[in-house]
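Here chain A shows up in two complexes: once beside chain B, once beside chain C.
Showing the complex of A and B:
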């Protein structure tokens, strides 16, 4: 175990050295990290909460007040501090985006591995379902689904509905990618050898196929996060967010529907959009750089633990 | 023969998708709480159980859901009967048709401009690879990819109205509603500028990226070398041999993108209060007008599926390699 651990640390160190050279990747990482930190340490970054109302000396709510010392990004139509809304909104936007992204990646990877590894009827079924889902226009489908599920009185929070609908609809491209990669790995020598010495399906998938796929899965998770965050903001803008837990998209919905534009309150409608752009650009930059670095053909290099075996096997077979 | 098999396979998928959409839309109608009969009569009217039962029989609601009610519903939809909108008290199909042309106009213009500019810029970026122009083009498309559609719309709306005095919403000025088309054309164009611009900026980036990688691939083919050896200039080679071949993947992409285009229309029409299907979907959502929402979904999904099917046919004619394989 300690040998594996050392190998992992060494690989991690090598990875960091290679990553550090890439400016775009560093920028992407910085964008994501700052947003995450802002979400985690929200209470430390603002004295107000998202529901506090700013008032003048006469106790009247300050509505659409422009940026000032007490509220660095001004106030919204009800007198809430926009900076506080933005910082606490990061929690909602990132939570929904990340959970939805992870669900779609988990579903996509699982189905892709199952389809690629077992082939046959299972493969056909999974591929037909992806064919179907890819053609149906996604936004109208999601709107109809979310709206109908909301109406059904199922006692689930609006945000959970959003997370599940986004997560369970966006796995198709991941499933295709993982499937095609599984198909090639399955044919390699070490899988045939493992099977020859009597390893079961579960063992082969877990010990031999999954580690090879891991770089691809990580890269695509990062890329899919940007999609999930953008989709969440869009659905929230169209009014499907949770008004009691405003995300950046919900803020834009409020700004748009409560006449921030005609009031010239740019501090209300610019920051949430910049925040969405910030995070999704970060994910795209980081994802693209990781994709370049973790090209599946070179993957064995960055693997941890017992996968060190694979590199040796590869040298032997010349693969 | 190969082409026929390929097309039959593609047709099969399309029909399967169509069936899935119809089934889903039907199911969504069914899972809604509340009794359809009560929804038709209105909640406050008192009627006896006997009358309710006879109404139920009249609507076919006493029959089993599968297959009887499903087949009945499909028959209704095929005849263009999509139910009655709750908020507007008009047949859903009538409302949808009245908005259809506006949306087609917006999507058509947006696609036209983004394809023209995307192909041109992508061609240039691929040709002049690794120059500042190429890097600028790539940066632009990355940022366009990461920008929320509706937010860009809001910014263009503010900038366009403040700096150029462009209208912020609607399709013609209120005074011009109902007048014949040729008299309001300049007004219509002014209203179309901002939504079309938003559309173009957002989809330009994607087309540019695809065109760029497609031309890079094409330029490494042997026939490009042959063309150069014949003494053609770089520009001639690019236009005669590069562009034509690199355009092939674009056909599929444009078709595949149609679903994506519909999303764009929903956001952009909402921001610019443009009187089309997208805006209608958003209004139906806010007013919880389910028949209208589900009717719009049906129309949008079926159009996209059919368009994809047509693109598959078109592709086999454009690319001789599909025929041969």
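Showing the complex of A and C:
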């Protein structure tokens, strides 16, 4: 129906109007968008690929060459172009981060809704599992799991292992958050009204509970993306990445193990570090602004400085 | 009007168990429960409006919720159109799902009973969707438009793509009424439908409900604490106190000639339009007793101005005063 389409555009427009007002959110969006664009259009941004080796006129590989025309961010220990590594690495880092983030948010939201909505024994079971997972430190557990699964010689790519382990272990905080919100929403009168009409559980969850949770879920997905990217980088730095498909974390690992620091090759280890910071900062800025927009109680109000509000000063009133 | 009741409650009880701590369970303390509805019987005829009146906490909302199946009854029977309300349809039973198609509830707070993220169209069409009726887009649009216009929201198309926050309280309650009407119900359970609205809008909504009742012959259970709206709206009145009906009768009988001391007290403090007719006020002493530990004997005796010794021992049964009028008081049993 075209009416629905119009309504959607109207809502989108209102959202954009509100979003535009907050500079930090725009900065966050810009950071994420540039990283995404760089990853998508990587082939257009560099003539080299991640495995090309830079050579001088004598055919010798340029190792630890400082930034120059042919390689804007210098080369690494084997003569690879760091800029090419960085933007191709963005593909891996962002893909792992986004997929893992979405999986963890999906698992967390589903379990949270189930626990909160049905309550009773289901709730107890889900929440005790959540508690146990929360008590175990994330990083060591993931390290052990990734390393063990690698050993098992399953026919799974190392990246999928990484994505699944992060995604399936990192849903605990989301589950708690969503559960507590579900608990308050299901007591509201429009849910009672839906039940009085004769609506089933699936209908109520889909039409009445999920729409109220959506802002929370979107916000937390954005926030969790940054964590997922950081964890991926951490695991890759510790050597659990896929060496054939280097991500930013893998780059840091190479830089560290091949003594880029003692060689003074700052162009090798700084760019991936800044890239990780770039994206996670973007996610956090965007996430916080979204959170503030969805939950007006978090917004700061100032008597002065806001265009819409005029502070009456002593001079004007004479008080 | 045929004399077969559309809805009948027989000795209806709804208790809410009080959660016990592990310690209490180990000590084998008795399980306590809040006796929100404690033995209520009434019959509602087709096309009739029955008002259930009482103070906060007397169980009137719980009755409404139990009738529509939002709370599980502890004991007793609910009969809809002569069939017992049960989980599934049967020979002599009507399933909850079926009941909820033929009976609709209007909730008290129009600000809370509409999903803030659904459009008015979706809200009003929801009962149709839930019951799998009016499958085609055109049928559904027509049904929603009719319901909205019947509820006084004209032109209906103007409201389709709006959200509840764009409407006023009165308009929202009209949306609630529209979504209750869309299934063409035979019974409407209205739980204080106007108590959250401004006085100026109350009359409009009450008029709307009265018109619908007359036009469609819908039976209504009208729950309220406000006696002045009852006089205007109801055919019969049931006065509730602490989970029981203490007096029931035609509106005229109960309001002009109240027999139970509680009804008398309620009426004496209701605002009268004519100040010269003001009666002597009976101000009840003390608080409503705890519905977990009900007093022995008559549950009204601790606050009753005319209580005597027997009241502490004997629980009064309804006394038939006329064909339509009953009250439960020991003074009447003599």
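One rule holds for everything that comes next: the second predicted complex is superposed on the first by the 295 of 319 C-alpha atoms of A that agree within 3 Å, B and C clash if a C-alpha of one lies under 4 Å from a C-alpha of the other, contacts with A are read in each partner's own complex, and residues count from 1 in each chain.
Just so it is clear, a contact is a pair of C-beta atoms (placed from the backbone, for glycine too) under 8 Å apart; a residue touches a chain by one contact, two chains touch by 3 or more.
Just so we're clear, the structure is a prediction, and the values are computed from it rather than from any experiment.
Trainee: Contact-wise, after the overlay, does A:261 reach chain B, chain C, both or neither (first, second, both, neither)?
Mentor: first
Trainee: Looking at A:135, would you say it contacts chain B, chain C, both, or neither? Reply first, second, both or neither.
Mentor: The answer is first: A:135 touches chain B but not chain C.
Trainee: Looking at chain A, which partner touches more of its residues: chain C or chain B?
Mentor: Tallying touched residues of chain A, the top partner is B.
Trainee: Once the structures are superposed on A, label A:72 by its partner contacts, choosing first (chain B), second (chain C), both or neither.
Mentor: After superposing on A, A:72 lies clear of both chain B and chain C.
Trainee: Could you say whether A:6 touches chain B, chain C, both of them, or neither, answering first, second, both or neither?
Mentor: second
Trainee: Regarding the shared-chain residue A:188, is it in contact with chain B (first), chain C (second), both, or neither?
Mentor: second
Trainee: For the complex, which residues does chain A have touching chain B?
Mentor: Spelled out, the residues of chain A in touch with chain B are 128, 131-132, 134-141, 143-145, 147-148, 151-153, 226, 230, 233-234, 237-240, 249, 252, 255-256, 261, 266, 269-270, 272-273, 276-277, 280-281, 284-285.
Trainee: Quick check: in the complex, which residue numbers of chain C touch chain A?
Mentor: Result: residues 65, 68-70, 96-97, 100-101, 104-105, 107-109, 112-119, 122, 126-127, 129-131, 137, 160-161, 176, 179 of chain C touch chain A.
Trainee: Going by the contact rule set out above, which residues of chain B touch chain A in the complex?
Mentor: 13-14, 16-17, 20-21, 25, 28, 31-33, 142-143, 145-151, 154-155, 157-158, 256, 258-260, 262-263, 266-267, 270-271, 281-282, 285-286, 288, 290, 293-294, 296-297, 300-301, 304-305, 308
Trainee: Spell out the residues on chain A that touch chain C in their complex, using ranges where they run on.
Mentor: 1, 3-4, 6-7, 188-190, 192-200, 203, 207-208, 211-212, 214
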